[in-house]
Amino acid sequence: MTASPLDDFATVLQRCGIDLTALQGSDIAVRSPIDGTELARLAALPAAHMPAVIGRSDQAFRQWRLTPAPVRGELVRLWGEELRRAKADIGHVVSREVGKIVQEGLGEVQEAVDICEFALGLSRQLHGKTIVSERPGHRIMEQYHPLGPVAVITAFNFPSAVFAWNAAIALVCGNPVIFKPSEKAPLSGLATFKALERAIAQFTAPFGDRAPAGLAQIVLGGGDVAEALVDSPQIALVSATGSSRMGRAVGPRVAARFGKRILELGGNNAMIVTPAADLDMAVRAIVFSAVGTAGQRCTTLRRLIVHRDVKPALLDKLLKAYASLRIGDPLQPGTLVGPLIDEAAFNAMQHALAQARQQGGTVLAGGRRVLAEPFPQGFYVEPAIVDMPAQTAIVRQETFAPLLYVLSYEELEQAIAWNNDVPQGLSSCIFSNDLREVETFLSAAGSDCGMANVNIGPSGAEIGGAFGGEKETGGDRESGSDAWKQYMRRTTNTINYSRELPLAQGIRFG
Amino acid sequence: MTASPLDDFATVLQRCGIDLTALQGSDIAVRSPIDGTELARLAALPAAHMPAVIGRSDQAFRQWRLTPAPVRGELVRLWGEELRRAKADIGHVVSREVGKIVQEGLGEVQEAVDICEFALGLSRQLHGKTIVSERPGHRIMEQYHPLGPVAVITAFNFPSAVFAWNAAIALVCGNPVIFKPSEKAPLSGLATFKALERAIAQFTAPFGDRAPAGLAQIVLGGGDVAEALVDSPQIALVSATGSSRMGRAVGPRVAARFGKRILELGGNNAMIVTPAADLDMAVRAIVFSAVGTAGQRCTTLRRLIVHRDVKPALLDKLLKAYASLRIGDPLQPGTLVGPLIDEAAFNAMQHALAQARQQGGTVLAGGRRVLAEPFPQGFYVEPAIVDMPAQTAIVRQETFAPLLYVLSYEELEQAIAWNNDVPQGLSSCIFSNDLREVETFLSAAGSDCGMANVNIGPSGAEIGGAFGGEKETGGDRESGSDAWKQYMRRTTNTINYSRELPLAQGIRFG
Amino acid sequence: MTASPLDDFATVLQRCGIDLTALQGSDIAVRSPIDGTELARLAALPAAHMPAVIGRSDQAFRQWRLTPAPVRGELVRLWGEELRRAKADIGHVVSREVGKIVQEGLGEVQEAVDICEFALGLSRQLHGKTIVSERPGHRIMEQYHPLGPVAVITAFNFPSAVFAWNAAIALVCGNPVIFKPSEKAPLSGLATFKALERAIAQFTAPFGDRAPAGLAQIVLGGGDVAEALVDSPQIALVSATGSSRMGRAVGPRVAARFGKRILELGGNNAMIVTPAADLDMAVRAIVFSAVGTAGQRCTTLRRLIVHRDVKPALLDKLLKAYASLRIGDPLQPGTLVGPLIDEAAFNAMQHALAQARQQGGTVLAGGRRVLAEPFPQGFYVEPAIVDMPAQTAIVRQETFAPLLYVLSYEELEQAIAWNNDVPQGLSSCIFSNDLREVETFLSAAGSDCGMANVNIGPSGAEIGGAFGGEKETGGDRESGSDAWKQYMRRTTNTINYSRELPLAQGIRFG
Amino acid sequence: MTASPLDDFATVLQRCGIDLTALQGSDIAVRSPIDGTELARLAALPAAHMPAVIGRSDQAFRQWRLTPAPVRGELVRLWGEELRRAKADIGHVVSREVGKIVQEGLGEVQEAVDICEFALGLSRQLHGKTIVSERPGHRIMEQYHPLGPVAVITAFNFPSAVFAWNAAIALVCGNPVIFKPSEKAPLSGLATFKALERAIAQFTAPFGDRAPAGLAQIVLGGGDVAEALVDSPQIALVSATGSSRMGRAVGPRVAARFGKRILELGGNNAMIVTPAADLDMAVRAIVFSAVGTAGQRCTTLRRLIVHRDVKPALLDKLLKAYASLRIGDPLQPGTLVGPLIDEAAFNAMQHALAQARQQGGTVLAGGRRVLAEPFPQGFYVEPAIVDMPAQTAIVRQETFAPLLYVLSYEELEQAIAWNNDVPQGLSSCIFSNDLREVETFLSAAGSDCGMANVNIGPSGAEIGGAFGGEKETGGDRESGSDAWKQYMRRTTNTINYSRELPLAQGIRFG
């Protein structure tokens, strides 16, 4: 394993428009999980400054909501172009800061580009309905109007794309954004945000207007900064990605002030492999979705529910595949598994392994730390496979690491029941070429997750569909389909243009 | 004022299928606001029984979700027919129990009929989207599936229609319902529910199935029964109508358990009357929406924001109209204003009037109790009009009574700002024949309410549009448009039918 | 085989509201295909009367278009109730007049009921879009408005349902209808129409209006009457069901006068049976869709494309099933195959069989006339199966009879190519439990038909989907999904409520 | 009036990628209407070559339809970038070739850019519906699939944008295009097409594919080339822009072969000016829409229906505005009216003026040829205003020139009747600030045109709405809303994944 070119990181940051000197402080130490080096030490925004930040956002809203949506679309088009231009650099920052392999870093930026183009298209399609009225000389319509300032609070594992998902759509919908990146990944957030700032600088409306000051703001900081956003009555929508524990705290607080929220929380995603599966395809899908991003995607495959007849063959192939995984420096081409984000993640994985053993599990592969020279400080780990006798307590938890539990089933109904019998409801999939099995899995009696796939793994969603999950995953959606509606307020308008005042439901009054 | 035929109420209840003997108890005293007589004394369900009730609902869900939606539609069609048949009787129970005038009682049942027909249509239109995939040999679709047991907790003022709004759509969407009517209006709820029971008894699916036991249940009781529904993880959706105070309690509790909710809370609805208004139409609309249901609709007109140039003329007409209002027995034809629901409502109105005076207001009309012989126990009141110098604290509160505040404006921008400057965001309207004024009011810079009407009052929505409001009104929608989506869970399905495993965003792995 | 109770037919017609005396004439001899008896002899409308008929329709349009759509929905609700009430009688007329078995006669009326309920739901959902404008102070919306008189010209084989499909939706969309039933099946048409007349007689709008005179008219007659409808500039939409030959004549004539049309023409529907099929299910589906309605549905299965590996087993089962078909009086319970509509149909089938033999085919079963005592005049025929060496000329034609060609394939690609290589494009299906096969068949590279089913036959569509086909089938759709849009005109409205006149595309002028 | 820089035109063409040498021939003489100079002389494609051209398109279709739609979107994104880059040059070619003023030439290219971005958004939104089935274990969906080769036949007056409207959407929908530009404007077409060719050259799918050969083809030629496209059974969709006369010929021919078509034909667009109008705004809108593009837009304002009370004031302002119009070299800044396309256009205008006089009209302004030095060969004309006593025959015709008829009305109902009483049905508008007038004009009883605007002229539509008109305008739509559906074929899929074969409508068979 050879070293990756760490020395040019400062240049990359510069090209991304990040001026570390200006951001310098003592609050947030950003370390690369690759080698544990400190990449930056940044100042956090004192929570006391948040009212001013939010006030600016509210001011920006007054203007931006009146900018026609297709013109707002021009801003995200420019952002998309800036991201496309900076794709390699931002991808590199992501890899460096959170340890993703190069392809995944690039893929994340591509996702940001994709959502900008999708939002550009949306900018002429924020459609409400015209509705026929039951009364003569009346018509009804519903319009979607801008909502207000949107706070985007993201996690370390998608430090670029999740902000883009939210901001591209929020901006097109007429809302300013305030972005609070994870303390573990502020540089990736900054790099993505700076591209937006460049787009804002270029933006001019056909009618001469510029984007309002405060349209997009980034705040670096900790829990107090996040709480200021969660609790502010001026923040119309809180879009937060993180753990179910976080969501359990945030949801009620936003609800208590009648705010809106999008929560994207934990996943405990399963794959069912039936006797009708193409096992080779299944193996490749398992590997990508269980070990990709070192098991730290919210959509990572965590549970493998395999029919007992194909279990031996599948495990055989899978263990071989695991044995050949290249673990190490994510910036090296060929590496498939980079480091865990930090020591706590490593400890959590070890703890889970211990519990799994206690609960009857057998570790079939992996689980140990890999000392990846020359990066002795990085927490590299062999992805683990654990054979479980049943869906025990630890299996029902989300452990954010490459740790795959294997269960074996006899009847599809049982497999689906296990798929559903966890508190989380994000993603799921089935590998089968049997139509009945597949359709049953997708039916009202099938998977209860927000995403249910066939012959692909649970992760790697396209931006065109609605992304998100049920139960402790939060119940909300972002990205494609009609997720944009959450970023707007609906108004139902009944217009009487007659000279009469008939009442609905045929009521006669007076 | 002559007495209405109270004596035949037992017969009406019987025709509605209500057996008071079976329901008898000592917990809930149902009094008619018309004359204060006790209509019934009912047993409350002990909260300890709720797990069993909810368990039955969950069981019913297992079967009902598999009944095809168009077949479920047949059930609501039957319900609609039963309601149509029993319209006069149920309307009478509503009038007797909550004091609505006859036309309003009938209108409420008509609304229940309408929603059944709307839901019948929906039963073949629970459309998700098919979505093109970015990967060859893949397709995406989203499906809407049944959600689970739905709790419907209603308020006294729409004791029939709001249950029907929710239940008709919930049932078509594949969900069992548990109905907790207001303690002040259980008989109206029972009458509506019994019609559903009759429909269930008639229902047979083409494939021979009957509706599952426990598909629809009614629970009479107090706060503890409601709380059992709010907190149960088995209740997928809590649809609750009531005060913002109630919503502020319910919202966070449902959020804490990752449940779904529809909240329809307080309104503080305004009308703007501009110089371009047809004043005669405006007056008629004001009267209906300010005094109808004795000011106890959530959409009741509470604030009149009138341009100073037309204020004298408008008030002149309005005061004349108020002076001629027939107040009294709501069962008498010709009566326009029935009693308040109870003494507490009357006291709240008096308290508000006192505060309004303290805050500079002048009572232009009404406010006093009317002793409506032969019903000395009923709380009849003259609808009040109070001229206010500004939008003071009391004006910004919802007082559930026929109490209309009048404000005068000079610039439309100011009028809209006042319209929006209250915590609630349910309904609003403008009277104007000026296109620019009207469109501005409906625009992104206009009313911030869930409903914004033109040349009709804020109340009396048709069921085809989405009903509900922003801010402290709760932010949710029910009834028409795509409100049904809240009663279902969405699943995004990506299906790979190729022999390849391409990744989204062009990522290459391994 | 015992006689069915022909004697009470007059009573049935009376219950349907048909007064044969009033309709009597010498132009149209209606014969029952069951036994060849003349059921009625009716007067045709002279084509010279058509301008008056059309003029009445146009007059009715002026009023009906202003009746609110949900109120129009009430009319189709009443129609649906009348149809439900008369279901057995109308079904009986259908059976008697066109020879359908009882279940199919009832099914057709049920379809009429279903579409009334669907249209009732639509009556509040004729949704256009609200659209964001690129210009400040502007908004865009599209509305759907009533179109004008709709002519419905139907074929004998669905003499009730197809009229209902069109009329229910046309009426809800605000259009009068003029119905020209097939000369071979005017009584079924009349029975269905009379139910509509009864609904119209009951109908009252909440605002007191009645349905306008001329809202629904029926015209009995021949080609000249149909041509008067096709060519009239006052007929906004011609919806015609029949042969591709008819469509080839009608389409250009309507196009030449810039009219709108819905054409539902010929089908030549195939089923692919793959090695992954459930053969028993396939056999049942083949039998129903190949011999049901004596092969005279537009969606009848006409081509069976079976993988050579399963061909012997499938044919074996199929021939057994064909051998046990009960052919004869369609009014007898247990009968599955009734008579052909007339002698010409029988001759066409014989001609096709002869050609098939000439083109290398082997008749595996059936094809001969069955003398069904006591009905020697009826043209009963044994459904035929013909093994073909290739998709020859005769196979590519639609013969309206129970004549099933069998082709054998090796590669799915070939099977799909054959499925598509006919001029018609109505319906198609695959029997397979293999996901890849199924999805390929449904994909952009799969069946080119308007309908492509999986594990059900090509016929028997539900009303919720759009019905119709591509190529010589006409290219149009009716029934569900958004087929209603064809019955309305769309208007795109851009509303400027500002004081400026900005141009689109940022153009500056003057 | 000084000369515009004609000398650099060769350079502009080169920058647009047009190699005149390669295209040279003797068939098509392209003249600039500015000064009558011959810009090019081009070879026409012999009609005999058309089968090969169409065959290539069909081949390309086999591949392109399998390219995922979002990947196809990448191609139109690239095209949009190329157009953006070449905007000034293509705009210049348009101006030179058809005489548009600079702003309009640029606006047309901007429209092409806009539609590319819109189509890019659509590339992930070609949504069909998932539909609930009435049968257990069944589901329904509708998918939209690519249609086949699309022929785009355009007119001289929008030589760039109309091709882009069609091609951007056709390509995203999976269809190859064959473009036949007007013989009067092939260079503008070529310039637009070359930008597409450059995009195609850059295009690579993530999975390595290139665009297929023959994906986009341009054919220069006359009527025989167009007819080859109209009549070919391989051309799935003919999208033709031109006169109603052309459409009357094309429509039936396409219908006779069961092809699909989009016809955008003549317009005879009116504006109603009511007493409640802002007259100054109305005047500006009239001038732009009546004289812009020298009255040669299909949406040009041709009829002014003004209330008699405001007619004098309006005409006074209008005549002043007309008097100050700068007529002449369209490439000069400040020019508002360029030349007519050719002498025939001039003669047609003179003929119409003569007829108008005969029919009682009074020419209030304009109508004469302007000798615009130094371009004595150009047909420049003073825009004309003709006061008409009634809507006579000539008023009901479309004359493609800046010729505005004025009618005066008393009742709005009369004005709307006149608006509708022409054979064409493209665009229309009302100037009024009176809500009732405006809504009546937009209602079912209002304008019968495909577009009905308020307080803007009839021309200059945004691309987000559906563009097109009723009656002799053709009845079809292109550009925004759901116009894309016409470029695809719909397939309704019913999938049975149960082990039963229930029939729809509850039919029991066998």
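Think of it as A, B, C and D in the order they're written, each chain with its own count starting at 1.
To be clear about the criterion, a contact is a pair of C-beta atoms (placed from the backbone, for glycine too) under 8 Å apart; a residue touches a chain by one contact, two chains touch by 3 or more.
The structure presented is a predicted model; accordingly, all values stated were derived computationally and were not measured.
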item: Mutual neighbours - chains that touch subunit C and subunit D alike; value: A, B
item: From subunit C, the most remote chain by mean C-alpha position; value: A
item: Superposition rotation for subunit A onto subunit D, Cα-based, multiple of 5°; value: 180
item: Computed distance of Cα centres, subunit C from subunit B, in Å; value: 42
item: Computed distance of Cα centres, subunit C from subunit A, in Å; value: 48
item: Centre distance in Å when subunit A and subunit B are each reduced to the mean of their C-alpha atoms; value: 36
item: Residues of subunit D whose C-beta touches two or more other chains; value: 66, 70, 114, 123-125, 129, 131-135, 138-139, 142-143, 435-436, 438, 443, 454-455, 462-464, 480, 495, 497, 499, 506
item: Residues of subunit C touching subunit D in the complex; value: 65-66, 103-104, 106-108, 110-111, 114, 129, 131-135, 138, 140, 142-143, 145-146, 174, 244, 247-248, 251-256, 258, 260, 278, 281, 284-285, 287-288, 292, 336, 438, 442-445, 447-456, 460-467, 470-472, 474-475, 477, 480-481, 489-497, 499, 501, 503-510
item: Residue numbers on subunit D that touch subunit B, as the complex places them; value: 66-71, 123-136, 138-139, 141-144, 206-207, 432-436, 438, 454-455, 502, 506
item: Partner subunit D, residues of subunit A touching it in the complex; value: 70, 73, 77, 114, 117-118, 120-125, 139, 435-436, 438-440, 443, 462-464, 480, 495, 497-499
